[in-house]
Amino acid sequence: EALAAYFDGLVEDDQRVEPRDAMPEAYRTTLIRQMAQHAHSEIIGMQPEANWISRAPSLRRKAILMAKVQDEAGHGLYLYSAAETLGVDRSELLDKLHQGKQKYSSIFNYPTLTWADAGAIGWLVDGAAIMNQVPLCRCSYGPYARAMIRVCKEESFHQRQGFEILWTLARGTEEQKAMAQDAADRWWWPALMMFGPPDSGEAASNGHTAQSMAWGIKRFSNDDLRQKFIDMTVPQAQKLGITLPDPDLRWNEERGHWDFGDIDWDEFWRVLKGDGPCNEQRIRTRVEAHEDGAWVREAAAAYADKQAAQEVA
Amino acid sequence: EALAAYFDGLVEDDQRVEPRDAMPEAYRTTLIRQMAQHAHSEIIGMQPEANWISRAPSLRRKAILMAKVQDEAGHGLYLYSAAETLGVDRSELLDKLHQGKQKYSSIFNYPTLTWADAGAIGWLVDGAAIMNQVPLCRCSYGPYARAMIRVCKEESFHQRQGFEILWTLARGTEEQKAMAQDAADRWWWPALMMFGPPDSGEAASNGHTAQSMAWGIKRFSNDDLRQKFIDMTVPQAQKLGITLPDPDLRWNEERGHWDFGDIDWDEFWRVLKGDGPCNEQRIRTRVEAHEDGAWVREAAAAYADKQAAQEVA
Amino acid sequence: MSDQHHVDYLLGLGDDALIYAQRLGGWLTHAPQIEEDMALGNVGLDLIGQARALLTRAGEVEAADPVRDEDDLAMLRDEREFRNVQLVEQPRGDFAHEMARLLWFSSYQCELYAALLTSGDETLAAIAAKAVKEVEYHRDHATQWVLRLGDGTPESHERMQQGLVAVHPFVAELGEDHDAARWASEQGIGVLPSTLTEAVNASVGQVLERATLTMPDPPRWYARGGREGIHSEVMGYLLAEMQHLARSHPGATW
Amino acid sequence: MSDQHHVDYLLGLGDDALIYAQRLGGWLTHAPQIEEDMALGNVGLDLIGQARALLTRAGEVEAADPVRDEDDLAMLRDEREFRNVQLVEQPRGDFAHEMARLLWFSSYQCELYAALLTSGDETLAAIAAKAVKEVEYHRDHATQWVLRLGDGTPESHERMQQGLVAVHPFVAELGEDHDAARWASEQGIGVLPSTLTEAVNASVGQVLERATLTMPDPPRWYARGGREGIHSEVMGYLLAEMQHLARSHPGATW
């Protein structure tokens, strides 16, 4: 009772809940699910970009891209560590990913078909991720909030790098311009879907939102974040000279926001349920790496045990 | 006694020995060894050229190259079949190849590093092979002689195709010319080694020559064939505008032949004994294909048995 | 615009043949027996021949200035301009997987070329007339192997069934209509892919039945978009390999 | 001619770093644990950094008109112009194989860059001063893994030993002298590879001993010729992948 009141008080006063604090079981499981999904997204999200490391068009770009993919691995680590403060461990969470019991962001089920996709992912996908993540820097759970602060700093760096890739292409040859435009055409709508289903209407799926808001895990609704993202991104597209693939996109003076067209929620649900271009491939690649590495992890553990035994002796 | 006399008579009269004829055991084993080595060379010889099928610079060249590699598979089949008339079977011979108990031509232990190598192999390697093989069309063993007639016809077609690749390169851009010259530089000496060690001197290894000549299997000495090949090829190189990498190469009016420099017989023996750039790779590729295909061959046999049983029933 | 549809339709046919030939070329030196190195080489050669004729025709119809020939189209287009189905670009699997792919693809090509015999594009009709005999041989070859593997050993049966499962997400795309095909079919030049599906399914289904195999359940996901230049991530690597030499020597003759 | 030797010497160093970075990049998303994705990514990044500096310097010394920059040299040279040893171009094997390669290569680079600290080419000396710390970290990382795998489980011990065997035919080439190195060493610009061999062997040998592993027997064959542009057949595929995009857009800026 007293503990529950303490937890409620923390959340109400916008203080951080720490691992040692008592917390409702539902809060804990919600956080674990969300943080795991977030960590998985970082790890699976390495794949579409890693696809271009060997083919990057210049050594500078190769280095930047390699560093970026490596940062994503780092983000995955922070987030698994943060989740571990809630008493699960990484290998358990990875198993759930591999078995399809926990999800990752559906955006990574789209293929990277050209070099411009490395730019579009930085600009649009990281841009959307930041929009989702900045509020999490004030999340009620301390370790998650602190992890997000680190992640967001690096993500905004990545977002600028992605923008710069497209900026260079958009000022390049006709083929390069077309490549940049094509990437924006393919990634725009999936990026908007990253904010999740709409808050209301037929396609809504208001599962956890209200409770997450009450707990201080979620701060803004999906549609609010989506609108913020669009408002931020449209001027950037104009600056790039890229046309966003939505004929209904226009400034609404009255609302003070950009109006936009209908999102294809059928596609969203289809990809989420497994029928996306790369769902199978992403998990297969991940599972293969994990299984191929099993003997290495076992060896490391065996060696550590031997070393510990020697130190005792 | 009478049978032996019959065999000797056939050979003496330059008639063909046929599978039904009695023959000395040593003749039989020599033939099996030679035909197997010849067949293996066709099969292993597919690899250096197959290496360029996926990267051929035009669709016409891709088709020609694919057809050529396929022809080599065909030659392998003729020759294994010819060997089978002597009472061994193909799988036995393949096992010996895979275990390193039977050899193949050492020339295929060199890598194909550029497209021009597809030309140089046709021009020089097939050219040398034909020089070795034409006399075999009159070999005393009938099935071998007949197989060689078919093989030689196709090989001379291949040789012309290889020449034409280099001809085109030699009339192309500076890079293409350099590519053609580089290929000739790398393949010339190994091609000369294809005729085997010298007939006399330190590097000689006159193992089977005399007996093979007496049996009508071999018609010319290694050095004679090598000289014929050089005499034929030097004018072709001049026509191509390619400089053969031998500063000692000059016309000897007196001999009526081209003089040439010393062959690096150390390299020859080294590669023959396994220390060539691709020996290990060639056998590994071959063994992998064979092992990966074991279940397929088993299935085909099982199916054939079932079909035969049904026909009986 | 009508001409562009005509070009795109021909490119779809030509790219299917070209990219599958590229994959089949990988079997040479890797086949389970030498006869099969030769047989798959033959199939690949037939497909390269079809590709050359179809791409040449596409270049003629396109009539760019200068006209793009078969090599311009094969070697100098970017990934997003290739219009093949994703089935043909998938990497080489085991031999059963390949026979599953070849059975589906050749069955599709049999129906396709039979329908194109009466194409209003006379060059295309002539290409189809030559190709239809080739692809019947391909289908027969695949059929023989599917029977042997399906009704061979327990291992081969299992592998063959798995090969069918692996290929299944890519099959539906063969029968998917697209703008270029719709236009071509209206003009009497081409055939609507969806009109072939029933015959293709029936033809494959019969083989599977004889081979004691079962048609896989509907897959969890479907390949889409090849005709619009949306490929799987493996495609870029295939093209890098195929085009690198040609692209390294702009304007050279080979 | 002396300048060309200088260029070739720098290209050898730069190409080693570049091509190994290219192979290591393949581990990202395929490493046995996430920490290792990061660690191998780090090694790769260090090597790309070295490659960029070394190739840039090679271009400066070459002083072609116009000067070739790092990307001209990385993306527009043909296979026969690459001067890396064959060790670094070999395809990714299992993790033990990679650790065997990394141990040898980083041990070589440690000795190499230490010796180049006093190079008469001041730019090269400065590159070495930065790189020497990086490669010490690489060697330490490889050492830790060779210890863990060698003295881990029976399986890891066996795999580690096999990895050493697989890499062994490529090791001697690191210590092979060649014209460019002879010239560079005479000029006080470079170091003769053969002078490093003893220290490299001793350093690796110590690790193997601690790891309960044995130095493999002399191999049946040896890789040769990388410094003269003779590579293994895998190299062409690596370059096709690495260069395809850059070559597809001549003159473009990225």
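Letters A, B, C and D name the chains as they come in the text, with residue numbers starting at 1 for each one.
Throughout what follows, a contact is a pair of C-beta atoms (placed from the backbone, for glycine too) under 8 Å apart; a residue touches a chain by one contact, two chains touch by 3 or more.
Model, not experiment: these values are computed from the prediction.
A.B. asks: Going by the contact rule set out at the top, which chains touch both chain B and chain C?
C.D. replies: Chains that touch both chain B and chain C, as defined above, are D.
A.B. asks: Of the pairs A-D and B-D, which shows more C-beta pairs in contact?
C.D. replies: A-D
A.B. asks: Using mean CA coordinates as chain centres, what's the gap between chain C and chain D in Å?
C.D. replies: Comparing mean C-alpha positions, chain D is 41 Å from chain C.
A.B. asks: Distance between chain A and chain B based on Cα centroids, please, to the nearest Å.
C.D. replies: 59
A.B. asks: Between chain B and chain D, tell me the centre distance in angstrom, where each centre is the average of that chain's C-alpha atoms.
C.D. replies: So the centre of chain B lies 37 Å away from the centre of chain D.
A.B. asks: Could you check chain B for residues that touch two or more other chains and list them?
C.D. replies: 55, 175
A.B. asks: Residues touching two or more other chains, restricted to chain D: which are they?
C.D. replies: Where chain D meets two or more other chains at a single residue, that happens at 78, 240-241, 244-245.
A.B. asks: Graph of touching chains, which shape: line, ring, star, complete, other?
C.D. replies: other
A.B. asks: Going by the touch rule stated at the top, which chains touch which?
C.D. replies: Once each pair is checked, the touching ones are A-C, A-D, B-C, B-D, C-D.
A.B. asks: Mind listing the chain D positions that touch chain A in their complex?
C.D. replies: 18, 21-22, 25-26, 28-38, 41-42, 44-45, 48-49, 51-52, 55, 70-71, 74-75, 94-96, 147-149, 151-153, 155-156, 159, 241-242, 244-246, 249, 251-254
A.B. asks: Provide the residue numbers of chain D that touch chain C in the complex, in ascending order.
C.D. replies: 78, 237, 239-241, 243-245, 247-248, 250
A.B. asks: What part of chain B is in contact with chain D in the complex they form?
C.D. replies: Going through chain B, the ones touching chain D are 51, 55, 111-114, 175, 179, 182, 274-281.
A.B. asks: Any idea which chain B residues touch chain C in the complex?
C.D. replies: Touching chain C: residues 43, 46-47, 50, 53-63, 66-67, 69-70, 73-74, 76-77, 80, 115, 165, 168-169, 172-173, 175-176, 285-286, 288-289, 292-300, 302-304, 306 of chain B.
A.B. asks: So in the complex, which bits of chain D are touching chain B?
C.D. replies: By the definition above, chain D touches chain B via 78-80, 169, 220-225, 230-233, 235-236, 240.
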